[in-house]
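Paired with subunit B in one complex and with subunit C in the other, subunit A is shared by the two complexes that follow.
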Partner chain A sequence: MKTQKLELVCPAGTPAALRAAVDAGADTVYCGFRDATNARNFPGLNFSRDELASGIDYAKAHGAQVLVALNTYPEAGNPAPWHQAVEDAADLGAHALIMADIGLLAYAAEKRPDTRRHLSVQASASNPAAINYYQETFDVKRVVLPRVLTVPEIKALNQEIDVETEVFVFGGLCVMAEGRCSLSSYATGQSPNINGVCSPASHVRYEDKGNKMVSKLGDFTINQFSQSEAAGYPTLCKGRFVTQDKASYLFEDPTSLNAAEFLPDLMEAGVTALKIEGRQRGKAYIAQVVAAFRKAADAAANNQPIPPLGLENITEGQRETTGAYNKRWQ
Partner chain B sequence: MNAHLNLGPVLFNWSADTFRDFYFRMADEAPLETVFLGEVVCSKREPFFAPELPAIAERLTAAGKKVVFSTLALVMTKRERDMVQQLCEMDGVIVEANDISAVSYLQGRPHTIGPFVNIYNEGSLAVMEKQGATHISLPGELPRSSLQALAKTAKADLEVQAFGRQPLAVSARCYHARSHGLAKDSCQYVCAKDPDGMDLDTLDGDAFLAVNGIQTMSYTCANLIGELDDLQTIGIHHFRLSPHSCDMVDVTKTFEAVLKGQMETGEAVEKLNDLMDGLPFSNGYYYGQEGAKAKGMVEEFGL
Partner chain C sequence: MSQAPKGPVAPLSPVLLAGLAVRPLPHQLLQPLLTTAIKQMQRQHPDVFERLTSVNSPRFLIDPVDLPFSFVMDTQPDHPSLELVKSDQNELEFHVRASVRGPLVLLIELLEGKIDGDALFFSRDLVIEGDTEAVLALRNAVDGADIQVHNDLLSLFGPLSKPVDLAAQVAGKLFNRFTRDLHILSSATLAPLQRKCDAQSAAIEDLEETVTALKKQLRRRSGKTT
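Take a look at the complex of A and B:
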């Protein structure tokens, strides 16, 4: 099932970012409502119902589609906000709903069967048996693959499933299996699954200790920096810790994903869509990254070499990784 | 008593001998109802103890314990999938699903759901029950309010982990190997060096987490012995004790004594503290706080 053209799925945390993504060549934009129903539940981010309606109109007028992420796990005893979000997103004409929770998938499949269902990366469906389960049980049309698979594994997977696959190619990178990580709540009480946040800013502190700057998350030191270093954000799994008397970035370096070089291989592996992470990013960032990946995806579709992305100004000083796509990462 | 003490699967890499001796002793001496058995963390460990499993299961069954076989939490390779499928399709055994792949193989017949499957609400609970789940071990980060809401509608038995380091994350990457400068494929099974996980400290020297192969756990030991009464009030009657290298028979007996009203909570906490060599306890998730917190432990028990 080799794809001819890779669909470019781009993030939008604000209406301005949505328009920027569409203008820069996004085939599809994904966003969420302004509450705990989505996994980027950050202050000042996301869409009201009216904003989503306008965003969908704008996207459709420019030949693009909008997906709505409802990818946290509804709170027991309080399903209403999630159910309402399904109803509203469907009423407003979302092309598909991105969900992780089995109960919410069941609700959407029963109540709004005509709105496409995508399986969120937060469901961490990493094998054909799991993916086929979601297809057979909830008629899921697409799965966003967890960031644990190599390119050959993705290719083999695509041969055993009948749903589309979407893979992350750029931006922030979970090093743990998504949706199965409670490191953040262990340190802060707030988790991706329940609250839609990881290592939330409300629990971040920087302490000036004279010759060094210490970054903390809750009660725990995540990293420290000399005066000459820029103090990075203390995302828990990108911190520096000590095991066996040795300090290291044990889980992952403070790095971000860039899998541009793998686009031809991912296309060959039968992937349908490429996903860019970053709903928390501003419109200038979105415009630049989307335009670069538009060119890269078009080049891959035409069997041409992937052009340089020209994103040095936004990734400068930041290390990049191709993550689990490369077996050596494990 | 309407409370049930169950033993979770050994999450660490113990030698086959240690593994077998541990279960034989638990079979003979520990007041347990159900024992979960099998490799949940890393498929590479399984071949070492697999030959011991039939004898262990037989000994447990003979001692009146119910045996449930647990499946892998993170299933990526074809070999891992086959391993899960074979286990799920065995006749006459009850299997605990720790990944949706296992759920897919088990639906339609009685099975149990492990804590690595995300059951956060009544909707997902209902789907699992409809597909044949009779016992569900809930994710560790759920607060009391969620447990209570789930227990209100549950037909299946609901379980929470009441003792042991808390599983917090799994990854494609092996951090034990990485800490030793090794790749996952040539890991030399270095996780066997740490029978309770490898401590991970912050740069300030504060104990924070524990590494167990591809799994990341809490440094603290979850301990809900002070919450057992309250848990039963809200409808949770199954308590999972997660194995450590300490005297787990004594741990189980301590929980039993508290459940039977034969031991005060304070004395029990002190005893568990001795058994775990002073490893700090935590219960924060239950109170909707940071999972690392130990509400009441300091004020009430001086820990």
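Take a look at the complex of A and C:
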């Protein structure tokens, strides 16, 4: 069961970030087109068809592969942009397509069977029955696991499925209802699941109130930070709310996942690939995180201790967590 | 009481001192340099301005908090401009969609993609206001462009670029040394004040906990009496 070497799957929001990821040691890079077919549909981000073609060439020339995220749910009555994205990504030589919607998986399996299909975390498949269904029906080769499982749970899961597993090891965290979260829709009318944007920037406002900075999403005040306090993303799930006269993070703290210390355990649990979150982050983040995890993954493969990564300066809220891997709640 | 300047506190740095030194100079002297720089950026990185057309080519206020002046950048792809303005001018006069504030060195590192914009935002070294979508588009556009300020500006000097580069390298070393010296000076000056602040913060935290406990008690009592 033990994996010999963990594949490092790294994010890229721009061609420059893709090159930075490859140069820093990524085995595979995942990215998306500049539209609503992927869950990071942010202004100025993502790839044109030409840019993806160049990116794939660059990655292949350096021994890496490119995965294309088509992980939103097609708009009702308008599947054409998603179908076109499948065709274009396959034509351009993408190593695999990362998808969540069963209709899109069916389309890709039928029309482009030679291009690997990975199940996105947005599908939220976390038990053997669900994963085996995706594998038997759509010949999915890999599943990206939701960030809700402990290491023993991942190990048990791997013993009951016949597809590769990919797990998040670094970056931003979502509330644990990926693909089903409606908080952004509630506040702004746009969601990561269909529009590809969680808490879209067009609805975000920051106001400098002298001794504090206030962040707002739509009509909601999400948070206020004192001068010396580290800030976080302006999403409802990471809002600070007042209950019983005390302001606190009710759903989730602004903090980043860092599971580096679990790499040997994840290898032992039969995990194939490690995913780094952050297609919306700059190339400096990509270069720093990928280089650090390259060292960590290589150390794990050689049965050596995981070196300190020194990534605290780029984490959300300047804090880290091991998340559900070390679950201390019910 | 005068209003505190917006954005992060200006660090004690060579930039701050240089800014004070050039403050008496008329803006007309510096403006041609900025016009040349933005035209050079348009020539070498047209994709930055093209990407910004998706958010209707906004105007930005770029405010290096350690300089006594700011920049208004218009991102129209055919005729972008960079205009020098006084930091204390009323922002409404600039008709900008958003403002970005931070120390000059960090803004340049951000422009070159050497530092992550989200990380600067989390640490509060960078403050943005206004149309967040426009700022995000700007960040993503420059991050994807492989801008290198030093090399881009050097190319303006043509055959003189080599001696200018040597002079710039010497100046860079002096700048780094001066930055370190100022940091030592600043730390020594602020250490007693920092200790006092830490003590006060701890005292305030204790008081907040006491107030919360008292409020709880009060709620319980008022619940019993009703």
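Please note the rule applied: the second predicted complex is superposed on the first by the 306 of 330 C-alpha atoms of A that agree within 3 Å, B and C clash if a C-alpha of one lies under 4 Å from a C-alpha of the other, contacts with A are read in each partner's own complex, and residues count from 1 in each chain.
Keep this in mind: a contact is a pair of C-beta atoms (placed from the backbone, for glycine too) under 8 Å apart; a residue touches a chain by one contact, two chains touch by 3 or more.
Since the structure is predicted, the reported quantities are computational estimates derived from the model, not experimental observations.
Asker: Per the contact definition in the header, classify A:225: touching subunit B only (first), subunit C only (second), both, or neither.
Answerer: Touch partner of A:225: subunit C, not subunit B.
Asker: Using the superposition described at the top, determine whether subunit B or subunit C touches more residues of subunit A.
Answerer: Residues of subunit A touched, subunit B against subunit C: more for B.
Asker: Answer with first, second, both or neither: which of subunit B and subunit C does A:69 touch in the superposed model?
Answerer: neither
Asker: Per the contact definition in the header, classify A:200: touching subunit B only (first), subunit C only (second), both, or neither.
Answerer: Only subunit C; A:200 stays clear of subunit B.
Asker: Which partner does A:269 contact after superposing on A: first (subunit B), second (subunit C), both, neither?
Answerer: neither
Asker: May I ask you to decide whether A:292 touches subunit B, subunit C, both, or neither, giving the answer as first, second, both or neither?
Answerer: After superposition on chain A, A:292 lies in contact with neither partner.
Asker: A:244 in the overlay: touching subunit B, subunit C, both, or neither? Say first, second, both or neither.
Answerer: Touch status of A:244: both partners.
Asker: Could you tell me which stretches of subunit A are touched by subunit B in one complex and by subunit C in the other?
Answerer: The overlap between the subunit B and subunit C interfaces on subunit A comprises residues 244, 246.
Asker: Within their complex, state which residues of subunit B touch subunit A.
Answerer: Listed in rising order, the residues of subunit B that touch subunit A are 73-78, 80-81, 84-85, 99-101, 103-105, 107, 116, 118-128, 139-142, 145-150, 152, 166, 168-175, 178-180, 183-185, 198-206, 208-209, 211, 216, 218, 284-285, 288-292.
Asker: In their complex, what parts of subunit A are in touch with subunit B?
Answerer: Going through subunit A, the ones touching subunit B are 73-79, 100-104, 106-107, 123-130, 132-134, 136-137, 147-149, 153, 156, 175-177, 179-183, 185-189, 191, 193-194, 214, 218-224, 237, 240-244, 246-248, 250-252, 324, 328-330.
Asker: Contact residues on subunit C for subunit A in the complex?
Answerer: Those in contact with subunit A are residues 3-4, 6-7, 51-52, 54-55, 110, 113-119, 121-124, 127-129, 131-141, 143-146, 212, 215-216.
Asker: Which of the residues in subunit A come into contact with subunit C in the complex?
Answerer: Residues of subunit A touching subunit C: 13-17, 42-45, 200-202, 204-208, 210, 213, 225, 227-232, 244-246, 254, 280-285, 288, 313-318.
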